[in-house]
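Submitted below is the structure of interest, expressed as structure tokens.
For clarity, chains are labelled A, B, C and D in written order, and residue numbers in each chain start from 1.
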Amino acid sequence: MNALNSIPISYYLMFCSVLFCIGVTGVLIKRNALVILMSIELMINSINLLLAAFSAYSNDPAGQIFVFFIMVVAAAEVAIGLAIIVLIYKTTHSIDIDILNKLKW
Amino acid sequence: MTILVALIPLLPLLGFIILGLGYRSIPKRVASILGPGTIMASFILSIIVLFNYLASPIPHPTFYHLAPWLSFSGFSVGFDFLIDPLSILMMLIITGVGFIIHVYSAGYMSHDEGFNRFFAYMNLFIFFMLILVMGANYAVMFIGWEGVGLCSYLLIGFWFKNQQFNNAAKKAFIMNRIGDLGFLMGMFLIFTTFRSFNYVNVFDQAKTMSPGSGTMIAITLLLFVGAVGKSAQIPLYTWLPDAMAGPTPVSALIHAATMVTAGVYMVARSSVLYVLAPETMDVIGVIALATMLLAAVIAIFQNDIKKVLAYSTISQLGYMFLALSVGAFTGAMFHLMTHAFFKALLFLGAGSVIHAMEGEQDIRKMGGLKNTLPRTYWTFLVGTLAIAGLPPFSGFFSKDEILAGVFSAGQSMWIIAVAVTLMTAFYMFRLLFLTFHGSYRGTGHPQSQLHESPSMMIIPLMILALLALAGGFLNIPELMGGKGILKEFLAPVFADAVKLNQAQHLLVPEKREWFNIVLVIFLVLLMAWMAYRKFGMQDAGSRKRETGNRNWDAGSRNVFIRWAENKFYVDELYDAVFVKPALKLSEGLHRFVEIRFIDRIVDGTGNTVIKFSSIIRYLQAGHVGVYMFFMIIGILLILFFNIIL
Amino acid sequence: MLTLILIVLPLLAAIGLFFVKNERWARNLALAAALTEFGISIAALVQFFLYCHCQLLFRLDWLANYGISLKFGMDGLSMLMTLLTTFLVPIIIYTSFSQKIYRVSSFYSLIILMQAGLIGVFTSFDGMVFYIFWELTLIPAYFIAGYWGGENRIRITLKFFAYTFSGSLLMLVAIIFLYSHTPLPHSFDHIWLYANNLNPTEQLWVFLAFFIAFAIKVPIFPFHTWQPDTYVTAPYSGSMLLGGLMSKMGLFGLIRWMIPIVYPVLSRTDGLFIIIPLIGIVYASLIAIRQDELKRFVAYTSIAHLGLIAAGALTLNSQAMQGAMIQMVSHGINIVGLFIIIQYIEARTKTTSISELGGIALKAPRLAVFFMIILLGSVALPLTNGFVGEFLLLLGLFKYYWLYAAVAGLTIIFSAVYMLWMYQRVMLGNTNLVTENFTDLSWREMIPLAAIVVLVIWIGVAPGMFMHLAENGVGQIIGVIR
Amino acid sequence: MNSIISLSVLGVLVLFLGILKKKTWLLPLILVGLLASLVMTVLHWNLNRSLFHNMLIIDNSGVAFSAVMIFSTFLIFMFAAQYYRKVVRPLDDIYAIMIFALVGAVLMSYFGNLIMLFLGIETLSIALYVLAGSHKEAITSNEATLKYFLLGSFLSGFLLFGIALIYGSSGSFDLYAIHTYVVEHIHPGLPPMFKAGLFLLIIGLAFKIAIAPFHFWAPDVYEGTPTLLTAFMATVVKTASVFAMYRFFSIAFFGIHGVWEMTIAILAGITIVIGNVTGIYQPNLKRMLAYSSISHSGYMMLAMVAFSGRTANALLFYAIAYSIATIAAFAILILVREARGNDYFGSFNGLSKNNRLEAFTLTVAMLSLTGIPPLAGFIGKYFLFAAAIEQGWLWLVIIAIAGSAVSVGYYFKPIISMYFREDQGILLKADWPFKIAILFLAILIILLGILPFLVSGLI
């Protein structure tokens, strides 16, 4: 606990924000659906960490409980996501997101 | 009495309604009774009204309120009639002459299939004309004012198969409308100044106003614009000659005897206002002189029998306005009356000639008709002498009175007036001689086949001839030991005007007056003689050498004459200055302003949106990456503006 | 109560008609409904005169917490307009019988629906309810013009709808804005709206919003370009509804809703806004001269006439307003008459191009007479309905500023020019191939024209009753302004 | 609360029926179940209480909105039979997932705690990802689901980040707790971290509501998704998210309009412009409806911007008016697609000849969406405009009416095709419950326009 407290909260904030931004950048620059999925996971995990930190600092369990919720939901989301990607691969034999632009304008 | 007075205009209206509704079913015989009958009836009624007026111990104008018309709080105009000497005189002229002409028409139009329609229109015209003169306020006068315009339109275009006639009719109506706008504005100004349209109220208040005030001048000028349109003065006179397209009785009734004199009546009616605006009087004088001169000149060079009479009408109307401008209101009315007689007579005579010649109107193709149409000839001669102003015919007295008035007002005007008198004499005698003297130059039928018109037409001629002969005695000037019955009769109407009249008139010694009279008579006779020398003995052979008079043919060497024959190209001028530009403008506005500008702006807005849409939709590129990119930009912007700033 | 019946009856009739399958039934029912409506409006008129001109008021809360209430009533103006509507609609329906129409039931149910909307507009005394009915009339008009219309109707009617709808939206904003500036508790009741507390700039904006909305509807130059095309493409009944009644909605709004609310703008701008319709008068008259398509011709003439009415109303001068109200009635009657005649001509000659016609008067004297009388009405000859209104309008304008009257007075000359020339080319002259076997009017055809002509002359000769109604209407408005 | 339970149970039941291969019982059961839970929801009226330490707050606005959503779902299910006529396999999975999505939506309308909000949103979204792709063999469907999934999870990341930041600064997920924090810190001013959280939260919801510039998914996904489910997306999802946002502004962020109103206003303006202007160019009705729904979310933001006691009412009415009109439009769309294979405006030509009822319904729906009185859509718009003008957002209202004027350009396309263009002579075949449903919708639209006080006075 003390070890945790010895690091100021702002560090956590910085760190998580950086992680989050890395995730966002990954989503933006990658064209591969799987990689994008992973980047999104990265974003979510940075948030988890942030929440955990906050709850630790404010001695309030709610944050950490919320983290569990997020994990569950994220898992579900990933499951769906992978299913979708498989589906796409079946039809297009590729998981490049730019192939799919029938729907536009 | 009210009923009687109301009946005077209503009877002709009734006639119109009956003839109009049954214009197919009613047989001609009935129509030829009904048409003139109603007029006769209202003529008799008018006479009763006259005696009723004279009979009353102290003759006074009477005011009849028949029905409300436009009336609400603070504003009331009713169908009101005013019976005073002026309106009585006009009523008598209208119904009297009208009746005679109706009778004549019954003969003249007998072969026309539009017989009933014709009488319906004629009755309607009489109705409106009576409304015009009987009305007790300007609004009611305006009803008649526009109504007679309508009837003249209908009757000029009576033979509507012919588009030329229709054009003439349209021209007449539109030119009248131009005048009417002026009249309307005048009315509005009267209302805004005096808060009433009633003659009595208006004049009573006007009397208190100082002469020459701006409003007064404006009012009188605006009203006069109306008169100019209606009485065919410069610049709105060109419709009258074209109006001859109508049947000849129409020309006689509307375009000679009654309607065209409405302007004169209106000015005389508003004499109080006019004497309070000397400037306007001068304007009227100038226009009158110019008109009578121009018309007379043109008349000399016309070869259409009706056109000559038309221009002479214009110049005679000029006479009347001249009289008004010098304040000789009685003289104007007097001349109006006598002119009604002899001009109607002349037109009907011309009609009889045309009737005999089966529609031929070119006097160069006539001649020597006095043997074939003797009665027509004699009556026509009376008319000519009357208009030429030779004693003892009516024209002499009326013209003399006007000339006397003009002389006392100013020598220069007098000289022009006399000049016009002489021209009048000249072209009238030219007309007479070319038509009736010399030898027959007709192309259509040999002279032997020509026949005198039926008595149905001749009797009216004779009655009118009688009037033209005797009409003058109604108002023999004191100079000749007369009492001036008409003057006394009309005196109460013009009393105020005479009292208020500023223009100082120099006293003219009797000797001088006599001299003038004799001089004029002598010169007129001279003119007659000249005309006889020139046109009196044209024989058939001379048609080749000089059809009528060669040097007066179009394309002759003398520019002035060519211009005169072409009426100085005024019609062409108007056409070029007003008609054509208006049409061009209409085209241009529609094609360029309407379609290419206003509508294009409207459609443009719509098209711009669609264009914008066709561009903006490319934002929806279809690539997830792009969407994410835009969203991130959005997020960053929002955070930037809200957190950093 | 009668007022409510006047609105509800046609609504029900319209719904009922929609389901009538049999064509003949649909026709007769529609006519019957319209005539009943006319009868009721006469009853309303009687009641109006009997009971001290009380506004036959009906009031019912609708959205109480938003200050909207169904408030209907009749003052002189509403009465005049209602009578005009209930008089014209039967005529329009009757004349449409001779037309070839498919989907009869929908056609007539739309016409009756439109009537309901019109009466709602003319009798509502609540700003929002007024707006609702205002829009309600637009839908039937759009469908009538679009579904039964002529060539490239789709583009034209969509333009018509979008244009007028945009104008109305402006008005909507203006009304709501007014509402938020009414004394507490806010309300759309006309008295509240009259008693608004806008500052001068807000007044100007509200004025502009209203003015544009109404100017588009009337239409007033330069917002008129939708109108000629629409008149041409719409079926005759549609053109009659548009020209005879819908245009009056705009003027009505001008008089009932715009002037009493934002009249200070008019006095402040010192007649600036009167110039716009004045330009319109001259402009439209000039254009009308050279139009060859009869409906288009009528469209332009009506722009000119309506411009005069608008100009007169904007002078805030009692005579002019009185004239405006009378002239609204007269114009409605005359333009419908003209459209009926054009319809008859087209039915016989299959053309509405002036240059192809001629000499009809020879073949059809009856038609010629009716045409001439209605024509005289619209050139404002004394003793016809046109004159009464135009006279008062010009007088009012003259009082306001003589030059305006002079310019507006040009219509007296112009109307003579274009009307007579048109008449000459259509009716007079000799017949040609198109018109040589032109049959005269049958009695059935004469009935509506006769009704119209009777009114033309009645209003012209004895306008007493109409004057009285208009006076009452003017009283309401002037009362507010003073 | 009951409704949440009952709906969940219903979903499970549906799945069981699927296992038992009782295809024919499916829809009746669902409709009855939905009605039942609708009743249960309504029974919560005026019972204002919060459950599980403010995890769920049951108040009238929540009840009303969840009722609206359940009702919309009910209507959509009315058309399910017609839509899936040709499909032989039991559709229990799809129906069940729809119901679960509805549970998520209801959860969103009751949440009193950010955790509940998150759960609601995710339940809804994940279900929708599946539904969007439920047309497995159609590539457009695949594309739709992929786009929706990627963008959705991406944006929910931001939402979460926002939640985290708010939690970090306020130290709680509870709306009221956050409100107390806000009230304390309103002076001297909220810390940037909190503000950032607030806006990220708003953005997360804005994505679900499809507010520009977070609207890009809507047109593509709508077009690709099976029509029946598009209707669900366009109505239930939007309603739920809008209400969630409202709940934030009315409880957690109450009293700090100054912070967010201008942002929302600008977003609303952009949304209205983009939605309406782009809508004009669309060749087919489905995509056009997508843009229409975008523009309408813009209009709803008007009510947010002009936040007042009446906002909930205005939003509720607008949501209802919009939902029923949109559902009606989609219903006709289903028919036309079935009969003519596509939904380009051309395939509506002459519809009014043989299918008067269908044509009439679609016309009413379109007019209502345009905002023509006396239809529900107009009243809804009026409430929004009135609120906005009273709060002095004149420029925004001007943009809004300009948008409405433009919207005539596309809402009238189907009307013109159905009435003014010549017939193609194809007859639409609809079974009687379908006909009754659309007639009911048309009448409802008109009725709400004439008697708006039925709804407008509720909350």
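Rule of thumb we're sticking to: a contact is a pair of C-beta atoms (placed from the backbone, for glycine too) under 8 Å apart; a residue touches a chain by one contact, two chains touch by 3 or more.
This one's a predicted model, so the numbers in the text were calculated from it and none came from an experiment.
Closest to the protein's overall CA centre, chain by chain, comes C.
In terms of their C-alpha centroids, the spacing between chain B and chain D amounts to 79 Å. Chain centres here are Cα averages; for chain C and chain D they lie 43 Å apart.
Centre-to-centre, using mean CA coordinates, chain B is 38 Å away from chain C. Separation between the centroids of chain A and chain B, computed from CA atoms only, is 100 Å.
Shared interface positions of chain C, i.e. residues touching 2 or more other chains, are given as 162.
The multi-chain contact residues of chain D, meaning those touching 2 or more other chains, are 146-147, 150, 154, 219-220, 281, 409.
The set of chain B residues that touch two or more partner chains comprises 606, 617, 620, 622, 624, 628. Contacting chain pairs in the structure are A-B, A-D, B-C, B-D, C-D.
Interface of chain D with chain C (complex): residues 367, 372-374, 378, 382-383, 385-386, 389-390, 394, 397-398, 401, 404-405, 408-409, 412, 416, 419-421, 452-453, 456-457. Taken together, the chain A residues at the contact with chain B in this complex read 24, 27-28, 31, 97-98, 100-105.
Of all residues in chain D, only 146-147, 150-151, 154-155, 158, 192, 195-196, 199-200, 203, 207, 212-214, 216-217, 219-220, 259-260, 263, 274, 277-281, 406, 409 touch chain B in the complex they form. Chain contact summary for the complex, chain B toward chain D: residues 606, 609-610, 612-614, 616-617, 619-620, 622, 624, 626-628, 630-631, 633-635, 638-639, 641-643.
The residues of chain C lying in touch with chain D in their complex are 62-66, 128, 131-132, 135-136, 138-139, 143, 146-147, 153-154, 157-158, 161-162, 165-166, 169-170, 172-173, 176-177, 179-180.
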